[in-house]
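By written order: A, B, C and D. Residues from 1 in each chain.
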Amino acid sequence: NKPWHDIGRDAKPAEIKAWDIDVRPDFVGLPKGSGSVSKGEEVWVSKCASCHGDFGESNEVFTPIVGGTTAKDIETGRVANLRLEAHYPQRTTLMKVATVSTLWDYINRAMPWNAPKSLSTDEVYGVLAYILHLGNIVPADFVLSDQNIADVQKRMPNRNGMVFYEPLWKVNGKGDVQNTRCMKNCPIEGDIKSMLPENMRDAHGNLIEQNRIIGPVRGWDTTQPPRK
Amino acid sequence: ASAVVGGKALAAEDGEDAILKLPEHTTGLGQPVAARGYGMPSKWESNLQRRESPGLTRVSQASVSFCPLQGLFGIITPSGLHFERHHQGWWDIDPSQHRLMVHGLVKRPRVFTMDDLMRLPSVSRIHFIECGANTAMEWGNVAVPTVQYTHGMISCSEFTGVLLSTLLDMCGIDRKKAKYVLAEGADGSSMTRTIDLERALDDVIVAWGMNGEMLRPENGYPLRLVVPGVQGVSWVKYLRRIEVGDQKWATKDEAVHYIDLMPDGTHRQYTGIQECKSVITSPSGGQTLLDRGYYNVTGLAWSGRGSIKAVDVSFDGGRNWRPARLEGPILPKAFTRFNIDWVWDGKPAILQSRAIDSTGYVQPKINQLRAVRGTRSIYHNNAIQSWLVSENGEVSNVQVY
Amino acid sequence: ASAVVGGKALAAEDGEDAILKLPEHTTGLGQPVAARGYGMPSKWESNLQRRESPGLTRVSQASVSFCPLQGLFGIITPSGLHFERHHQGWWDIDPSQHRLMVHGLVKRPRVFTMDDLMRLPSVSRIHFIECGANTAMEWGNVAVPTVQYTHGMISCSEFTGVLLSTLLDMCGIDRKKAKYVLAEGADGSSMTRTIDLERALDDVIVAWGMNGEMLRPENGYPLRLVVPGVQGVSWVKYLRRIEVGDQKWATKDEAVHYIDLMPDGTHRQYTGIQECKSVITSPSGGQTLLDRGYYNVTGLAWSGRGSIKAVDVSFDGGRNWRPARLEGPILPKAFTRFNIDWVWDGKPAILQSRAIDSTGYVQPKINQLRAVRGTRSIYHNNAIQSWLVSENGEVSNVQVY
Amino acid sequence: NKPWHDIGRDAKPAEIKAWDIDVRPDFVGLPKGSGSVSKGEEVWVSKCASCHGDFGESNEVFTPIVGGTTAKDIETGRVANLRLEAHYPQRTTLMKVATVSTLWDYINRAMPWNAPKSLSTDEVYGVLAYILHLGNIVPADFVLSDQNIADVQKRMPNRNGMVFYEPLWKVNGKGDVQNTRCMKNCPIEGDIKSMLPENMRDAHGNLIEQNRIIGPVRGWDTTQPPRK
């Protein structure tokens, strides 16, 4: 043992219990409990809807939680609206999330945003059941519980939508895109493909006030049109 | 095509008043030492602030403030200007009440106070931290005017703390079963991120020090994880818990965000590495050159996979390149400052920088990235940045490849 | 001989309230990003301030404030805690009106604005600055309680600016006649110091940047000289003038102060180099160990003549020594952070550190210095520092050799 | 020429003149002018004495300017009171300064402390004459000028008191003192030669308030006696 081996103290079971709140995709960590869609709707209306909208559709404080998934997606486990061709304007939580445990865990640890960790276990089950119901993943009379959540997982619309891409997870991986170190007469298309729209010139405030008053350059005075 | 008047002191026949008339500070008595027990920048520097990008987020406690790279020097980011990213707001936590728990697949689950941690063998290392979403707004078209907003979700500091491996050794990890650790914060979001054990046992630091003093509250005071080379969201702030486990956790910020949408509609999950990248910080978008003539073009390069080997700069939109001077120290997973000489002849020019890291990886062009990853990836945009210098001296954000 | 109670969290049977009762910051919403466009340290850190030593000087505008080394980490000094030394007070100068003149034995005497200077090719380098009078109070007997006052006239930062050699080249120095330069400040004292041309053409920087941002007003905003390895008084603040000449100037601060009184009554003049030195910063004088057992003993080493090769630490007043771990980067004329393991058995112990630099020079003991220079030298005390750990856990400043 | 060669502009003669105020030991830079001791006394009394005392003896804001020098010193050019054996308690400016130019230059650039550079050239000559007179270096009826200052230099009490010690001036010099790197059983005297006097424990404020409230140590609570 190193000379510092005994610094710190043993954690007590009750302490581990108090903090070990995470729930994994295999449901390790999920506490026993249950909550119905209707119980969840009550929680939602009183504690969630003000920020996320009555149907989880609000874009007011965050991207919508619900929307963009179909019965077909629930069948395939792939959200079709995520495909480029779909031109679907948004990516809601239910479109993206592959693992129902993620929602349970996150609501339990962080929501409501201004009172995180204030929900009871059964309230978390319930409000998650309500969200799943808004996405037509469970029926209106559903009671979500630790017993049936693994079945619900099998209906998550994007459950097959995730790819583990190791080269960007490992420090010593090799990325999928790189350049070559050409130094002279390199092949380029060369023309300007995109530039800041004229009406965005002032969208970030007056840039002269975001640059130093001395030095080799000044910020643009965006209250004025570009210099001639 | 005349540029902004300024820069050069215009001397009247006898000379300038700035020299001939002695200023008050040359003919008076100044302020005492320790007038400020903890000092602040000059009042003339107040333009350099961290700022939000209007419209990017809808609530400022789940938002980002960008670091004003356009005005910074060297490789150390002043802690007062360190970029911020919070998911449920920041706190100034009483450090005497803060605890770190290490448990899970370990022989001895343990609790540490700050007193305990700060007694342990420590390391001090300079590393960059970059949000995985840095430069996100530029995956598609040009969206923001300045380098503060294109690249300002990055900072670089000297961190001091105990290696996570030291703590895991003390707790006795179950080497057969253990494969990952979960790091969790003590703020409202209780941010949680999975880190693979190989990484956790390598250079990850449980840090309390940043640039010589304690972490700032906005950066996780009194304790945060430092995961060199990996995106900022994994550098869990207000760190309260490390759990050793055998499966990835798929937490909200690794299952709903910080996942990369590919053209086929799949998402890449667990893509944490910040690949080799660089940007010219001056002159840069939203700035105006004062005059024709010589400029020291300067910028930053970094790689999550190692150290910077070279930075090339082009002044003609990528046709021809010259290697820049690299300032030392050149350290792994840290900023490297580069400088290069340039004489502006008053004609339009397109400035680009391209970094090469110690693995031989060459920073890609945005079209190369898009060819594989499409335009909707949000995260991990490490493309070459282009700045157009127009005849009027104005520098603008453009895409050229 | 029991030490202070503290440090370890004392858990009640079920566990500690700090864990079982979730704090407000875990159950509430925190503050927004950019709540502070320029951030400050935690309110819990307010004990670490730069401070004057009572009675050392009689007026605070010609005085010194000491850097709280006892609480710092790594090698970068937070700019807000950088030590101060003013001779006629500090100012926050309008940088657009500031000028630098280079003249004397040059072909082309020139005037530069800040705009001009900041366009020139720049370097960024990490260097320590130490006042020649650092540790002055200890030439005789022990006089002050803590490392803030024994060693706090030192700081280390990343500086950015143009090499003085670049400016001198532009002005065309008269290589036959020129031997020295004079640097002059724009404050009331118009501090003037002679620098030999060899040094001026080597690594001296005309700097505007410090730790990524502009110099702080207390440290010479907008322009100061950086003279690596040389005592701080030569790092002229508010730099307004460089004159090239052929004789030393014997200015007030090189003819009446910053001269070393020898036992025979002569003064050594022009003794600017800060020789190799080190100090243990924690545990250090005025501190109390919380408990017996393991400590990570940590400190700083530096040399004005090169880089640090090794630091040895003794726990028995200099009888036996062990080499410490050096943290990177190890840079010339910069701080090097060292750490070493120690288990305190509760008995009295005397801690010392001894640095060796790249020239092979070994930091001396105070009696070795005194044997040659006596006790009245004031400046350039680079002796080994001793800290006594008493049975009660208190650490005191002592002299042992 | 380097591409940055023309950045900046030429300095004008009037500008150089305005700033080039330094005076060297060889009196390069010294402007023409003169001032009598009695004129200097007037300046001193109205502009200097409040800080430095009527006779330059004050220790109130700074170490005394005058005192500790003798007629003998003026003869030898070495201030005897600087010798260790003299046990003289102070080191005044006149005891230390070897070059009269230093005083002219410094008073001209920096004094009076709260109104630097406000003296006329003749006032500088005068007040310096007065200081020199306080040190018995010049007589009461002396008029100091650019013409006779070189003679005064020959009477400066410590004019031969300076040694140029190159090894501490050159970065690549080798110092006069160093240690050996002994690692085991090194020769030491070992006893505590000096420690903080008990009554100084509190002289720098309460040290518990100058140390962090967490970490491996705390500061001493100097409102209390040392712990048992």
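As a working rule, a contact is a pair of C-beta atoms (placed from the backbone, for glycine too) under 8 Å apart; a residue touches a chain by one contact, two chains touch by 3 or more.
Fair warning: this is a prediction, and the values are worked out from it, not measured in the lab.
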TODO: Please give the intersection of the contact partners of subunit A with those of subunit B.
DONE: C
Open item on the list: Between C-D and A-C, which chain pair shares more contacting C-beta pairs?
Closed with: C-D
TODO: Could you grab the centroid distance between subunit C and subunit D? Build each centroid from C-alpha atoms only and quote it in angstrom.
DONE: 22
Open item on the list: With centres defined as the mean C-alpha position, give me the subunit A-subunit D separation in Å.
Closed with: 66
Task: Interchain centroid distance [CA atoms averaged], subunit B/subunit C, Å - done: 27
Open item on the list: Can you work out the whole-Å distance between the CA centroids of subunit A and subunit C?
Closed with: 46
- [ ] For subunit C, write out the residues touching at least two other chains, lowest number first.
- [x] 6-9, 11, 16, 19, 26-29, 44-45, 48-49, 51, 59, 61, 71, 88, 95, 101, 111, 113, 115-116, 119-121, 188, 190, 214, 222, 240, 290, 293-296, 341
TODO: For subunit A, jot down the residues that touch at least 2 other chains.
DONE: 4, 7-9, 11, 15, 19, 113, 116-117, 212-216
- [ ] Treating touching as the only link between chains, describe the layout with one word: line, ring, star, complete or other.
- [x] other
Task: In contact (per the touch rule at the top): chain pairs - done: A-B, A-C, B-C, B-D, C-D
Open item on the list: Per the contact definition, I'd like the list of subunit A residues that touch subunit B in the complex.
Closed with: 2, 4-5, 7-11, 15-16, 19-22, 24-26, 28, 59-62, 78-80, 82-84, 86, 91, 93, 96-99, 101-103, 105-106, 109-110, 113, 116-117, 161-165, 167-186, 188-196, 200-201, 203-205, 207, 209-220, 226-228
TODO: Would you pull the subunit B residues touching subunit D in the complex into a rising list?
DONE: 8-9, 11, 13-16, 19-20, 22, 26-29, 95-96, 113-115, 118-119, 214, 222, 293-294, 341, 343
Task: Contact set on subunit D toward subunit B in their complex - done: 3-4, 6-9, 12, 14-15, 18-19, 113-118, 212-216
- [ ] Would you pull the subunit B residues touching subunit C in the complex into a rising list?
- [x] 6-9, 11, 16, 18-19, 23, 25-46, 48-52, 59-61, 63-65, 71-82, 84-86, 88-95, 97-99, 101, 111, 113, 115-116, 119-126, 158-160, 186-188, 190, 208-209, 211-218, 221-222, 238, 240, 290, 293-296, 298, 325, 327-329, 331, 337, 339, 341
